[in-house]
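As written, the chains take the letters A, B, C, D, E and F, and residue 1 is the first residue of each chain.
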Amino acid sequence: MRLIEYEDASPEVLAVYEEIRRVRKTDYINNFWKALANDPETLRRTWEASNQVMAPGTLDAITKELIYLAVSITNQCAYCTASHTGSARNKGVTDKMLGELLAVVGMANQTNALAAGYRVEIDAKFRE
Amino acid sequence: MRLIEYEDASPEVLAVYEEIRRVRKTDYINNFWKALANDPETLRRTWEASNQVMAPGTLDAITKELIYLAVSITNQCAYCTASHTGSARNKGVTDKMLGELLAVVGMANQTNALAAGYRVEIDAKFRE
Amino acid sequence: MRLIEYEDASPEVLAVYEEIRRVRKTDYINNFWKALANDPETLRRTWEASNQVMAPGTLDAITKELIYLAVSITNQCAYCTASHTGSARNKGVTDKMLGELLAVVGMANQTNALAAGYRVEIDAKFRE
Amino acid sequence: MRLIEYEDASPEVLAVYEEIRRVRKTDYINNFWKALANDPETLRRTWEASNQVMAPGTLDAITKELIYLAVSITNQCAYCTASHTGSARNKGVTDKMLGELLAVVGMANQTNALAAGYRVEIDAKFRE
Amino acid sequence: MRLIEYEDASPEVLAVYEEIRRVRKTDYINNFWKALANDPETLRRTWEASNQVMAPGTLDAITKELIYLAVSITNQCAYCTASHTGSARNKGVTDKMLGELLAVVGMANQTNALAAGYRVEIDAKFRE
Amino acid sequence: MRLIEYEDASPEVLAVYEEIRRVRKTDYINNFWKALANDPETLRRTWEASNQVMAPGTLDAITKELIYLAVSITNQCAYCTASHTGSARNKGVTDKMLGELLAVVGMANQTNALAAGYRVEIDAKFRE
C-alpha cells in the first residue's frame, strides 16, 4: 500500500491529518497514519481511539507510552517499536528508563515461557 | 511437573524459599516458584534476576508491574496475567488503572497488526 | 540459506519447480520455494499440502487468501504478508477489501488482548 | 475482574447493553462485554468499533468472522476462539467450512515459521 | 468440535486410526487426532507430515521432541505442551533434561524481546 | 540505541566484553552485547544467565542451540534467528540438520494452531 501524502488526501483524510497536526503540535505526520489513510474509516477510528486511550488518566502519558512499547516489543513489531521509542523519548523517557523497561519486558517474556513450560496451575488466591 | 512444597525442598531450594518469604514479607510461596524448584539452578537464577529487574529504579515498582502485565497479556499467559494482576493490586493498582492499562494493551496489539498489515516503512526520523 | 535457482536444482527439486510453474501458470518461482529447496522433502511436502489446503472448496480461493494473510499479519511475518498480499491482488482482492481485512485483523488482535487481560471466562453456551 | 450483570450496570453501561441486545437481536450478553463493562469507556469504544468493522462491506459478514477466528486461533486466545466459533456457526458457517478454515490457519502458521527460519528475502516484485 | 471416537469413524478416518495404532504401538489415540478426524483430509495430511518430519534423521527422535516442545511452549499452546511433555517422557526425556530445555526456552524468549527492544542491527557476518 | 564499542565502554562493560572474548575465544563481540551495554546491569545479568543456561549439561551444546533457534524462529525474531543460525553452524550444525529443525518448527507451529482451533481438550493421561 502506498502512503497517502497531504497533497493527495481526500477531504475526510485531510480532516484527520489536520487534527493530528493540531493535537501533536507538529506538521509531521507519521507514515503509520499515511498508510491507514488508504482506508479513511480505519484512519479516523484508530486516530480517535488512540487519542482516547493514550490520554493521561489515572496513568500518566509516559506510563502509557511504556506499556505501548512493551506490547510492541513483545510482538516483534519493528515499526511500532521504532516510532514509540521515538515518542517515548519526546515525552522525556531517558535511556536509563528505556533500559529498565527492556529489562522488565525481557524478564516477563522469559517467565511467561517458564510458566507455560512448567504448566503452573494458577494459585487459588489468584483465581478469585 | 509437580510443585515442590516447603517440606520436600532440598537445602538449595529451601534457601531461595526463605529469601522469597523474607523479601516478600509473607509465608506464601507462589506456585510459580514451587514449579521452578524442580530445577534449583533456574529457581535461583530467575528469582535473583526478577528481584534485580523489578526493584524500583528510575521506574517505580507499580510501573514495572504494569509493564510486566502488558507483556503477559500480550503473550496470552494465563498464569502470569493472574498472578501479576494480583501483585499489581497488592501494590495499590486500582480497577481504574487496570482498565487504562488494558485499553492501551488492546490498542497497541491492534496497531501492531495494522502496521504489519499495511507494511508501513519506518520513518527516517525514527531510524536514527 | 541460499536460494536454489532453477539451473542448480536437483531432479527432485526440479520436479516441484515444474509443478509450480504448471499449476501457477507462470515461469516465476517465489523465493520461498527456492529457499525450501534446500530441503527437498520439505519443499515437496509443503508444496503439496499448500496445494491441497488452498484449493477452492466450501471456501473459495479469495477467502482462503484472506485467512492466510490474517495469520501472517498477526505473526508479524513480513515475507508471507508481502507475498500473500501480492497473490491476493492477483486473485482480484481490491484495496477496499484489503482495508476491511486489516480492520478486522486489527480489531481481533485488540479483543484477543482484552479477553486475556480481563481473564474473561468462556460463556457456558460456547463451551458446548 | 468481575462480570457486570445487567442489574448492576451503571446508566452508561446499560446503554451499551441495550444496543447489544437490539443489534444482536438477543437478550444474552456475552461475558466479554460484561467484563469490559468494568471500564465503560472501553466498553463503548470497543462495541462501536467492533460494529463498524464487522459490518458487511466488500467482505461479507461470514468472511469477516472467519478472519476474526483465524487471528484468535493464531493468538491462542481460548475465549475468542470459543465465542467466535459460536458466532460463526450462528451465521451459517458449517463444520466443513470450519475444517477448511483451520487447515489454512495451520498451513499459514507453518509457512510463517518456515519463511522466518529460512530467512527468505522478499521477492523484488512483492516489494513494490 | 466433538471428538470422533473409533466406533463412529468413517472408513478413511479408521484407516488413519489403524496406522496410528500400528506406528505408535498402542491402542490409545490422542484427542488431537480425534479432533482432526472432523476433517479427514487434514487428519491424513497432518498425520503423514508429522510422521515424515518427526522420524529420526540427522536429528534423533528426542531432539525433535525437544524442538517441538520449545515451539509449543513459546506459543503458549497448553494442549501441545501437555501432550509432547508426555511423549518426550515416553522417549526417555528426564526431569533434568526438561529443566534444561525450559531454561533455554525461557532465555531465548527473553533475548528475543531484548533484541527487538534494542532494535539490534544484524551483524554483517550473520547476513551472509 | 547506539552500539557501545570497545573503545567507548565503561569499566563494568569492558569487564563483560573481556569475559565474552575469553569464553568465546574470539575478539568479535556481537551487536547484541554492544546494544545491551547501554544498560550494564542487563548486559552482565544476561551474559551470565546465558552462559549458565547454554552450558552443556544433560543436553549438549548443539541441542541447546537448536532449541534456542526454534524459539527465535517461532517469535519471528530476525536478529536472534540470524545470529543463532551462525553460532549453530560454528558448532557443527549442518544444512541437513537445519533443514530437519525447520521442518519440525514448521510442523509444531501448524499443530499448535490446529489444537487451538479445534479446542482440543487435554487427554486425562497428559494431565497427570
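As a convention for this text, contacts are C-beta pairs under 8 Å (C-beta built on N, C-alpha and C of every residue); 3 or more make two chains touch, one makes a residue touch a chain.
Quick caveat: nothing in here was measured; it's all calculated off a predicted structure.
Least step count on the touch graph, subunit E to subunit F: 1.
Common neighbours of subunit B and subunit D under the contact definition above: A, C, E, F. Taking each chain's centre as the mean of its CA atoms, A is the chain most distant from subunit E. For the touching copies subunit B and subunit E, the fraction of interface residue numbers used by both falls below half; the interface is of the different-residue type. If you compare C-F with A-B, the chain pair joined by more contacting C-beta pairs is A-B. Centre-to-centre spacing of subunit C and subunit E amounts to 21 Å, using the average Cα coordinate of each chain.
Chain geometry summary: the mean Cα position of subunit A and that of subunit E are 34 Å apart. Chain centres here are Cα averages; for subunit A and subunit C they lie 27 Å apart. Touching of two or more other chains is recorded for residues 1, 38, 41-42, 45-46, 49, 53, 71, 74-78, 82, 85, 96, 100-103, 105-107, 109-114, 116, 118-119 of subunit B. Touching subunit E in their complex are the following residues of subunit F: 1, 3, 28, 30-32, 35-36, 38, 42, 46, 49-50, 53-54, 57-59, 63-64, 66-68, 70-72, 74-75, 77-80, 82-83, 85-86, 94, 96-97, 100-101, 103-112, 114-116, 118-123, 125-127.
Here subunit C touches subunit A in the complex through residues 76, 95-96, 98-100, 102-103, 106, 113, going by the rule given at the top. Residues of subunit A that touch subunit E in their complex: 69, 73-74, 76, 78, 81-82, 85, 101-102, 105-107, 109-114, 116-119.
Per the touch definition, subunit C reaches subunit F in the complex via residues 1, 38-39, 41-42, 45-46, 71, 75-77. Against subunit D, in their complex, subunit A makes its touches with residues 2, 41, 45, 49, 52-53, 128.
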